[in-house]
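Each of the two complexes below includes chain A, the first together with chain B, the second together with chain C.
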Partner chain A sequence: MSAPSQARGALRGTSGRTIVADRAATVVLWALGGFVLLLLGAIILHFVIASIGVVSPSFIFGDPSDTELGGVGPLLWNSVYMLVLAMLIAVPLGILAGIYMSEYAGDNRVTDTIRFAEEAISSVPSIVVGLFGLIAFVNLTHWGFTALGGALALTLFNLPLMARLSEQALRAVPADERSASLALGATKWQTIRHVVLPLAIPGIVTGIILTAGRVFGEAAALLFTAGLSTPTGYNFGNLNIFDPKSPWSPFRPATTLSVYIWKTNSEGLSQFAAQIGDGASALLLGSVLIFNLGARFLGRILTRRLTAA
Partner chain B sequence: MNTGDEMTTTTRAQDPIEASIDPSPATLPPRIVPVGPGRTADDARTGSPDVAGVAAMPKVAAEAVSITYGTKLAVRDVSLEVPERSILALIGPSGSGKSTFLRCFNRMNDLIPGARVTGQVRLDGIGLMDPDVSVVELRRRVGMVFQRPNPFPMSIYDNVAYGPRRRGASDRAQLDELVERSLTRAALWTEVKDDLRRKSGLALSGGQQQRLCIARVLATEPEVILMDEPASALDPISTLRVEELMRELRELYTIIIVTHNMQQAARVSDRTAFFNMGEDRAGYLVELDDTRTLFTNPKNQLTEDYVSGRFG
Partner chain C sequence: MAVVGEAAGLAGLHVRPALRDRLDLPRRVVFLAAASMVAIVFVLLGFIAWQGVQLFVQNGYPIGSVISTTWSPQDAPISFGVLPFVAGTIGVTGVAVLISAPLSIGLALFLSEVAPRWARAVVQPALEIFVGIPSVVWGWLGLTILVPFLRTNLNGLGFTLGFSWFAGSLVLSIMILPTITTITYDAFRAVPQDLRTGSLALGTTRWQTIRHILLPAARAGTLTAIVLGLTRAAGEALAVQMVIGNRPTMPTSLTQPMTTLTSQITLDMGNTVFGAPDNNVLWTMGLILLAISMIAVLLIRKLNRSGGRR
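Coming up: the complex of A and B.
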């Protein structure tokens, strides 16, 4: 046998096995990915189909007391309101904490403990958070059930989550970029503001989306803090945020859509519980989708604004 | 050995390095030109004594510099001087502390946890290790080009304007002019002038990226430029362009370049310093001389072995 053909034989032998392994890995990964997509598609499809005939303008914007089925307008409003309130607290504080932990605090036993605590607290069962919120933000403050109390309860696990995810996003920024900026005579803060933060924005936006998802979906932590009452007759013309009757006020009970789904299905008072559940779930899915796309879009604009100038 | 001490005290008062952070570019120090009466530009470059026999004040100097990482000694007791508007090449085997030593001229070692520098480093006679020195101001006067091109993920224009903007420059026309001048000097202008604002610095080729990084340093109007193997990630043609560029920059700047490429050192530098590692693996300065002398007629056997390729 001549040398070239020997070499070719050897080449075929080794690459044959490698190719099999490579193909197997590709197939398995594709299958897993496909399975996840299928699952996601099935969930969305289920609620889209189930909500046909339920979701209509009068369902989205109407009052629960309007018709027999009832609308979910005030509850949707409360979900969005709660989201904004909770994010107003968690996002700025979380990003600042993340900046501190990643850029200033360093690595020692204290900061390791803080990181561990952040991860532990953000995974405490939310019913426990709800009970703590009941003591801290309902009873001790004498506020009763309020949107603010609910938002603060959500903050208990959202803030550590946001801080941890921001920190990770900031840490992932390559040291090269920081050195380049500092070597050009930029101060540490200028480096953070003009190089590190813009590069970390996609990661921070992921953090915001995960945090927001928890606000939208949370029921247990809100049962005992923002309350369970079914809201009706919101008057959006009342802009006095200190009037508990105004839908703009943080000092009023604010049942969210998720809580409402839980409530209608567990009370069993309405014969339409299942339809309300399907319709409200479709709305929640839609809201989450809109929020995620919106957050990504704003993140991209923000990155551009931060890096120019 | 401290001939610079009197000068230190005279220049100190007027030198703004110690005046902390002033964002106005107008307050950048006037470049101190050492070419005085009885002294030619070439004398200043090579550091040879002038007629009166007094050496020109070096632009930068290291005095008994030792650098440790934790407990590991990386650079032992290096003293050397670099005359203004000359190029000093640092050569030596891997691990001999060239990068570490280079970083003490703009205090980048400050950023490495556990790194400790002893001795003194001077710029125009001013002690850079002194506690009242503003590293921000220092790094504007002593720029650095890294081994791996590291443009920011922003437009070419924003990359070059980065330094000036950080010290408060915002006038559009002035910035435009500065960006064009810096890119022209870095031999990149004609290649990028058509999509300055649209194209990201990362979308350039490796060689273009490195010239962009050089332009970015030039835009901060430094006096000294440190280059750590600036051409090691580049193809031969880009390397030649960067070398050409360095020879042009020598007319205006004082440059210290680390290189593994001895031809490169021979081609671009006025003087060459050879670093080696001792028994304890700490780097030290073996020999410093005019580049031609060091390569053709070194005094030290180690240098001769290294430049003739017998080790390293």
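Coming up: the complex of A and C.
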């Protein structure tokens, strides 16, 4: 962007008003950039301050309580558990779909339809995804509110994002790599499996983490699928996944951390509602930051390792 | 891609292409994965549409009965007018975009035309973090910071402002800021550098170049960004529900509480019995939301195509 500054010399012939307008615009645009940074800084600072005296090991790992501050342990666990459950379905399916779109899809109506479906699902409001989940995974299956139902709803709006990010990562692999592999006599699938996919892994991993961050914060799609109540007092030694009290069971209601923040506000049973909301929001924001930074960090490391090898 | 396709043909010389394709198991598997998204769309549209018309089919209400401004689901005379919610969604979304679009376009201009490398390296990651902030956190901030601030600090202006249309729009405008900014930024970057240098060589200032060359050239992209922002704002549920006050009447003033389609679904779905008329009308609202988002997808496709042609 050095062109604009070079052009400054040409300003001598321009009228005063024009120059003032130009300077004013520059100031305003810089101010906007500053505004975003300030806002983000203020939000992070607010939660750092708000979490002092609230966020402690007993808050992070403890059970919720109506009479004292309590903790968010089970809710945090539910968030992580359902995230893993959702990603177990969405990641393989998304990568496979990405492979089709990048390596096989021709310029035809079928591809166009899939592309349209991808865009359509991504733009469905998450509350409507929740409504769909209520019919499909709660009522029709007779499961009631379950972690699995919530995870399936999360998978729905995850899948197009995962597919698109995988496709982008795969497309970024140079065509020469494919030609070279094919020229050696490898089949198309061998080429994808052993040449294209490994090279695309840094991009795919970044995509997985970004998708995960989005899922972790989602609440609207879970209100009517994973439910607004959850068993507490988890015994992690209970490995029976069909026991609704087991933290490992997919067939139990599971309020996540983000749903809990909403519930704290709307039902507000505890006199500590404000602190609980602040603390839980701080935890949620912290996790999102970790996901975001993790995606960058891991993407960079993987790129370096794979290109050096 | 074409090169790869030909190379694949060469690699499989000994098998006729048609037969090879038919035996190509990996191809089938990845195709099924991609096609599952089409299936999902059909099933989702089908289920929501089916449940969305049950108010008229199962409960026997005439379709015209929902086109009313009166919402009275419990007290006689019972009326399921959805217009307050539709108007609320349009109102809160429209004002949010009015606030957000100029800021976002300005920010995109800053990033693409003004910012030196170091500033871009700071602001862009900040925007990515903004995108990732969950909507409940925005709602919580709106509830605990924005609403009390509006209530106490703007009292002197002659009106009270707390849970209100304005608060909802303000929260939404921040939430959609990164969406509009990122897409507009891409549109500006796609404008050929020659257009800028050509304009500047004629002696224009940077701002003149932006106004008369860059903005018109990036119009399709900017519009796409705004439509995407509108869609995201219209579908947003929890953050809005937490700050707008949820009063089910036609919106009258920016300072008054109001409601939206998403808020009403969020609040009432758990308090009504599946299949009852006051529950089925919520599904009708869901169907309206789905229709809005589908129209937006088609509009964006159209914008992209017209933008690509030029």
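Here is the rule we go by: the second predicted complex is superposed on the first by the 241 of 309 C-alpha atoms of A that agree within 3 Å, B and C clash if a C-alpha of one lies under 4 Å from a C-alpha of the other, contacts with A are read in each partner's own complex, and residues count from 1 in each chain.
One rule holds in what follows: a contact is a pair of C-beta atoms (placed from the backbone, for glycine too) under 8 Å apart; a residue touches a chain by one contact, two chains touch by 3 or more.
Here the structure is a predicted model, which means the values were calculated and not measured.
Enquirer: Based on the superposed arrangement, let me know which partner A:G294 touches: chain B (first), chain C (second), both, or neither?
Expert: Neither partner.
Enquirer: In the overlay, answer first, second, both or neither for which of chain B and chain C A:E119 touches.
Expert: It touches chain C, and chain B stays clear.
Enquirer: Applying the touch criterion given at the start, work out whether A:G16 contacts chain B, chain C, both or neither, answering first, second, both or neither.
Expert: The answer is neither, since A:G16 touches no partner chain.
Enquirer: Once chain A of both complexes is superposed, is A:V195 in touch with chain B (first), chain C (second), both, or neither?
Expert: Touch status of A:V195: first partner only.
Enquirer: Could you say whether A:G53 touches chain B, chain C, both of them, or neither, answering first, second, both or neither?
Expert: neither
Enquirer: More residues of chain A in touch with chain C or with chain B?
Expert: The larger set of chain A residues in touch belongs to C.
Enquirer: State whether A:L39 touches chain B only (first), chain C only (second), both chains, or neither.
Expert: Second partner only.
Enquirer: Scan A:P244 for contacts with chain B and chain C and give back first, second, both or neither.
Expert: Touch partners of A:P244: none, neither chain B nor chain C.
Enquirer: On chain A, which stretch or stretches are contacted by chain B in one complex as well as by chain C in the other?
Expert: Correct list for chain A: 179, 182-183, 185-187.
Enquirer: Which residues of chain A touch chain C once you look at their complex with the stated criterion?
Expert: For this pair, the touching residues of chain A are 1, 3-4, 6-7, 10-11, 13-14, 18-19, 21-22, 24-26, 28-30, 32-33, 35-37, 39-40, 43, 46, 93-94, 96-97, 99-101, 103-105, 113-114, 116-121, 123-129, 131-132, 134-136, 139, 156, 159-160, 163, 175, 178-179, 182-183, 185-189, 192-193, 210, 213-214, 216-220, 223-224, 228, 258-259, 261-262, 265-266, 274, 277-278, 281, 284-285, 288-289, 291-292, 296.
Enquirer: Quick one: in the complex, what on chain C touches chain A?
Expert: Touch list, chain C to chain A: 1, 3-4, 7-8, 10-12, 24, 26-27, 29-38, 40-41, 43-44, 47-48, 51, 103, 106-107, 109-111, 113-116, 119, 122-123, 125-130, 132-137, 139-141, 143-145, 174, 177, 193, 196-197, 200-201, 203-210, 231, 234-238, 242, 262, 265-267, 269-270, 274, 283, 286, 289-290, 293-294, 296-297, 300-301.
Enquirer: Under the touch definition given earlier, write down the residues of chain A that touch chain B in their complex.
Expert: Residues of chain A touching chain B: 176-177, 179-187, 190, 194-195, 198-199, 307-309.
Enquirer: Could you pull out which chain B residues touch chain A in their complex?
Expert: 21, 106, 108, 111, 136-140, 143-144, 146, 148, 150-155, 158, 162-163, 165-167, 213, 216-217, 220
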